[in-house]
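Both complexes shown next keep subunit A, but they swap its partner, so subunit B is in the first and subunit C is in the second.
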Partner chain A sequence: MTSITETDPPLQTTRARDKREALYPYLLIAPSMITLVVVALIPFLYAIYLSFHEARFGRVTEFAGFANYASLLADERFWNSVSVAATFVFIAVPIEFMLGLAGALILGQNVKGRSILIPLLFMPAMMAPVVVGLLWKIMLAGSWGFISYNVFERFGMFPDTSIFASPDYALYALIFVDIWQWTPFMMLAFFAGLQALPVAPFRAAAIDGAGPLRIFFRLTLPMMTPLLAVIGLLRFIDAFKVFDTMYILTNGGPGTSTETPSILANKMTFEFWNIGEASALAVIVWIAFFIFCNIFYQVAKKRLNAF
Partner chain B sequence: MKQSTKVTAALLAGSTFLSVPAWAQESFYTKAAEPYAGTTIRILDEVTPLQEKVFDIIPQFEELTGITVELELLGHAEVINRGQADMLSGRGFYDGVMMHNYQLAPMLTAGVIRSIDDYVADPALSDPDFNADDLIQRPYTTTSFTGGKQYGFNNWNYNEVYWARADLFAHPEEQAAFNEKYGYDLGPAETITQMRDIAEFFTRDAGETLAGETLEADFYGIVLEGIKGGSTFPTLWSALIKNYGGRLLDENGAPAFDSPETVEALTMWAELWSFAPPGIAEYSLVDVPTVMGNGLAAQTLAWSDFVFGVDVPGASPYAGDFVYGPIPFKDGREEERSVEADVSVVVISEASENPEATFLFLQWLASEEAQAALIEAGNGGVPIRQSSWELPAIADSEMTSLYAAMRSTLDVAEAKPKMPDSFEIMDAMSGIAQEVGLGRLTPEEGAAQGQAAMLEICTQCLMQ
Partner chain C sequence: MTMQPKTIDAALSGGVCARNLTKSFEHEVLSQVSLDLRPGEVLALTGPSGAGKTTLARILAGLERPDSGTLAFGGRDALPLTPGQRDVQLMFESYALYPHLSVVENTMSPLVAAHVRSGRKRDKARDATNRATTEAVLELLEIAHLGHRLPAELSGGQKQRVALARALVREGALLILDEPISHLDAKLRHKLRGELRQRISRRASPSLWITPDGVEALSVGDRVAVLSHGRIEQVGTPEEVWQRPANMAVARLLGDPAMNLIPLRRDAAAATPTLGMPGMSLALDDRLSALAARATGDRVVLGIRPDALDLAAHADMAEAHGEIYANEPFGKHAIVTVQLKGGQIVKAKGSMPWAAELGGGIGEGIGRPVRLKIRQEAALLFDHEDERNLGFLK
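Then we have the complex of A and B:
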């Protein structure tokens, strides 16, 4: 019989190794955590700090308490921007979602030319938002835009205005541009999800004589729900933050008819240099999203089996 | 040495000296820059065809002084954002930053612009031949000086002019029809009422006749900048409201927008928009000359420097068919006429580590010599000096009506009042200008909402 002391490492060495092993995962994620803290958390904490201070023209002066928040919440322009963003998101995202899902189901049917179609579908999502803005500006610009001139003017549509110059139509045109840009992405994401579904349940359902609608509602949709929830949430957040295309196409106008919180925050920061109030706006939007995302997460987790 | 050889040598030496360009001779700048030779300065300016010509003359300054100039040209919005951010952060990456006149008050309030008074008073740095009296005085004195201190020399005197289609005005059928309808001769508008009549007269649908030809597309009597931001509100304010006797602020700096004169001007503004292309609310200062160049409108109020890119053979099918004039005034108010000009100055950042070298460059750039070289390089341009009007590139130019219009504008052009909240004010008011133009607000509502928006931003709006 060999003694323990001869074969096993000393207790201290084992503890040290355990400690090292326990630390190892943290070591691996440390670079990304440090990056996240430096580029996201510290600036965000600084934004919170600024939101409680009088900060104009790059100078942080006195503590302002909740004055920036009070001023912002009493500002009609802020509520208008929230309303514009809400209209944008609640029209654009459901349409993108439904068209994307429908397109994915069609693509899943082995349609002819799918291998050519799929790379083409990447194109709008691959374009820089600024390019998308310029592209649609050229298409819909009043009088000289490609579509404005060749379609609207020739067929007497919108005779008294142009799309982006009209407070009635500009927001809907921006929604259209967003749908154009992001529906193909949704389609491809959903298509990838469909391809990953197990085949066996579908075969069994087909043998049992289930029709396409029944298969869709009883099998496809429930199994796709986690993916749909995640993609839908990400698109929702992304659409609320939309900036580039709006900046290029309308810059929030005419009047304030297309001014979203992102456009307003940009103006407050880089035009008005009212950094305290702009930070308060950023914090309010963050809080609203934090609450919304948490509720969504809990619901999706419990009811939809997502996450 | 024979006498004749001596004479030949002297003549050769003399001719060699005379053939050296003035800028390459030993000059004040060479001596003044001795302590700063080898320094590199960075200047941020806005990109326009005229400003690009500065690259052509910078080597002259570098050769004279041994100071290296790194000039960076960016788009309008970016030069404002980046320039201001650099100055406000105290980083001092740029030694000199171009400021539109309405930017000065916010930046002066933030204390990030260096006064040049000490340099102007320093004989070692101040060019004795600078001749500040030759600078076009009203834009210069209202822009470069604030509170008794000087902050720079005007570098750009951008200005608006009246721009119209001479070929339409000269057409006999149009002349006769116009005279019959309005009771006076058709020609470039001198008054705002005439501009309105011309706008109404020439607004025609596709299928109607214009100057003897059937229109394939709608034609418009006027085009104006109407985008949110840009110079939409400055044009409304300076070229209409002030001409009608309205004002933004009273003599104490308090908002005074809701006057009957402003309502009258807004009424005219809305009427002019009704004769403009339907896309007017998205037209920027670039779109306006594009519309003119494409022959879609009869007249406009536009930035004169854009004319150089449009009224040239090959750039527009209507090149040579345009005529220019002073900004129209309100009938009976010629003496109080007002115009829109965006006078700009390159200021020295408070954070600059090379203020003296930067001052020398800016002073040289505004000098008679450099301005002459700049205008020659651009084969014309927008003068900041009275003497520039006499330069061959301008005096002998075929665009006589353009230069006469520019001169008329610059005679009375002035900087905007120094308002620390100028960006917020312009943003709020440009939205109201759009809504009045589009008929979403009546002129009375526009004046009232403008006043309320101003009061929300400031009750005493001038820099203290």
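Then we have the complex of A and C:
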């Protein structure tokens, strides 16, 4: 080595390399970022733009301020859809949650044939929602549906008609389908969490001489809360947004008895062609969820050690 | 070796009596382990890692069932009993703290659990007593200021002390401490070793103190049990185990550095009983020659503690030759490692000036020739075949 200039590359190329190296991570995340921007961010920003404009039949006309929001919030049909969704979510999700947890605990007891059972449990969640919808439409299709004929008709319920045509019970049938579809998934998610719990604290509890109930409520459950919170939140959001199965089974009917905000937005867009107001609906739902999720996140982080 | 009576000893009414415990997982972990824990005693169980110490602890506690053997608590068959029913306090080597409970709650859990089991309602007086007891234990272990932290917010040594506090907070039928002070810093370890020992030896129930450190076992145990490869090699007072190790496994484990074990062959050509190997020749005194005569073959292993090995540069100590392999100063003493002519490594322990003179400077002298003399009155002889101590009478 005689001098520095001989061994080190010229200053400019080092700088260029530094620049390249700084760009490298961005290069790696670029494909997913571009996808995200194109399919999520741009449409979302466009929806916000639309919500402030008069847009009917695919033509964006003049700026409307908050008019879309005002007419939406004054619309009884909007509030009906919120209450339908709330009923749906607050019945379906807790049941899925508890059944899932109970199922996970049973799976954890070294059930025979577990390795066969687990792949089967994935099936409802793996099915396309449209398929699930069609499946249950047929199963509960009045006098020729497998379940409706063998169960409902036998006891004189919903004669000659589908439960999905009943204004009083259609929503509960939808709830049932949702439970059917998502309980096994919850079960598997909780089961995985259960299996991942450290074994040592359970040994300590055995030494302490704690009974099974006490172990469950004071040890298993608290140790699982972070997972329960995350899975519960995801399912909650997902249940609120459910569209496909409902679209196939009832499309909001009879009347507006099963019309959730997703179905309503769809109708507003493709039946009433009031795109401005439909966008306003989408934005309101988004804001509500944004606030809700943030509150949940903060609480879960502080109280439950989740996230 | 302990005697192995066929029936459970009724005299051990308050103690624990294990007989012929055997346990295999993929291979045999415990083999015919018999052990008595007498009321009030501290039994130190030591052995190299993988010897089966923790498995034995878990069988005694009831977390694991032995494949065969019997176990009695206070003369009563304990094998059908759950850990809670056995009333064992176990400090886990892995701590096993409840991750969602604070230090105070973790420590208090055995008290609360016992209270719940008794079926009585919560009352304020009991709660206050529990709290006070918990505080006192945390105080002893110097972690009272961490009371409200969660285990995840503690260092390894702090977690170990919480686990220890939880095991100590309540006296049961048996206390098992699985490596209770091994992850603490040296200063705290020295302090706690004495305090902990004093505290648990005041108890009426027996305690089992598990440690891989033979020296720690000697200092804390009323008796010491040595476990190696799933077998109990020796049970005895610290003096017995130290002075008369039953076999080479025990000798290897106790002492720091461990006893030198030098394989030698009886020299048939010599006029007087002599042991030798290349570069070493040892004319035996009467005691050692009598012991050597008991050996199965003509090969024996000489055991000599590092502090009973004289090293010098002088020519008059010509029992063995070697050269200095390492010269390690430790402040108040030094350890000189010597490679004998035959390749055998031995360690000698002595004062700092001694080591400095030998090496020509502190920590120096590697490669220097030295001569070695064995203090025969302090030496032990082991059989080369079955590794038993030839001077050990059952």
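Throughout what follows, the second predicted complex is superposed on the first by the 273 of 307 C-alpha atoms of A that agree within 3 Å, B and C clash if a C-alpha of one lies under 4 Å from a C-alpha of the other, contacts with A are read in each partner's own complex, and residues count from 1 in each chain.
Convention: a residue touches a chain if its C-beta (ideal position, glycine included) is under 8 Å from a C-beta of that chain, and two chains touch if they have at least 3 such contacts.
Here the structure is a predicted model, which means the values were calculated and not measured.
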item: Clash or fit, subunit B versus subunit C on superposed subunit A; value: fit
item: Touching partner for A:207 - first (subunit B), second (subunit C), both, neither; value: second
item: Which of subunit B and subunit C A:124 touches, first, second, both or neither; value: neither
item: Partner, of subunit C and subunit B, that touches more residues belonging to subunit A; value: B
item: Which superposed partner A:219 touches (first subunit B, second subunit C, both, neither); value: second
item: Partner chain in contact with A:108 - subunit B first, subunit C second, else both or neither; value: neither
item: Partner chain(s) touched by A:198 [first = subunit B, second = subunit C, both, neither]; value: second
item: Angle at subunit A between subunit B and subunit C, C-alpha centres, nearest 10 degrees; value: 150
item: First, second, both or neither for A:141, with subunit B first and subunit C second; value: first
item: Minimum Cα separation, subunit C to subunit B, after superposition on A (Å); value: 52
item: Contact residues common to both interfaces of subunit A (with subunit B and with subunit C); value: none
item: Parts of subunit C lying in touch with subunit A, wherever the complex brings them together; value: 61-63, 82-85, 87-90, 92, 94-100, 109-110, 113-114, 116-117, 166
item: Subunit A to subunit B touching residues, read off their complex; value: 56-59, 141-145, 148-149, 153, 158-162, 164-167, 250-256, 267, 270-274
item: Sites on subunit B touched by subunit A in the complex; value: 80-81, 84-85, 88-90, 106-107, 109-110, 112, 217-218, 226-229, 277-283, 287, 290-291, 294, 296, 421, 423-424, 427, 430-432, 434-435, 438, 440
item: Touch list for subunit A against partner subunit C, complex; value: 198, 200-201, 203-211, 214, 219, 222-223, 225, 305
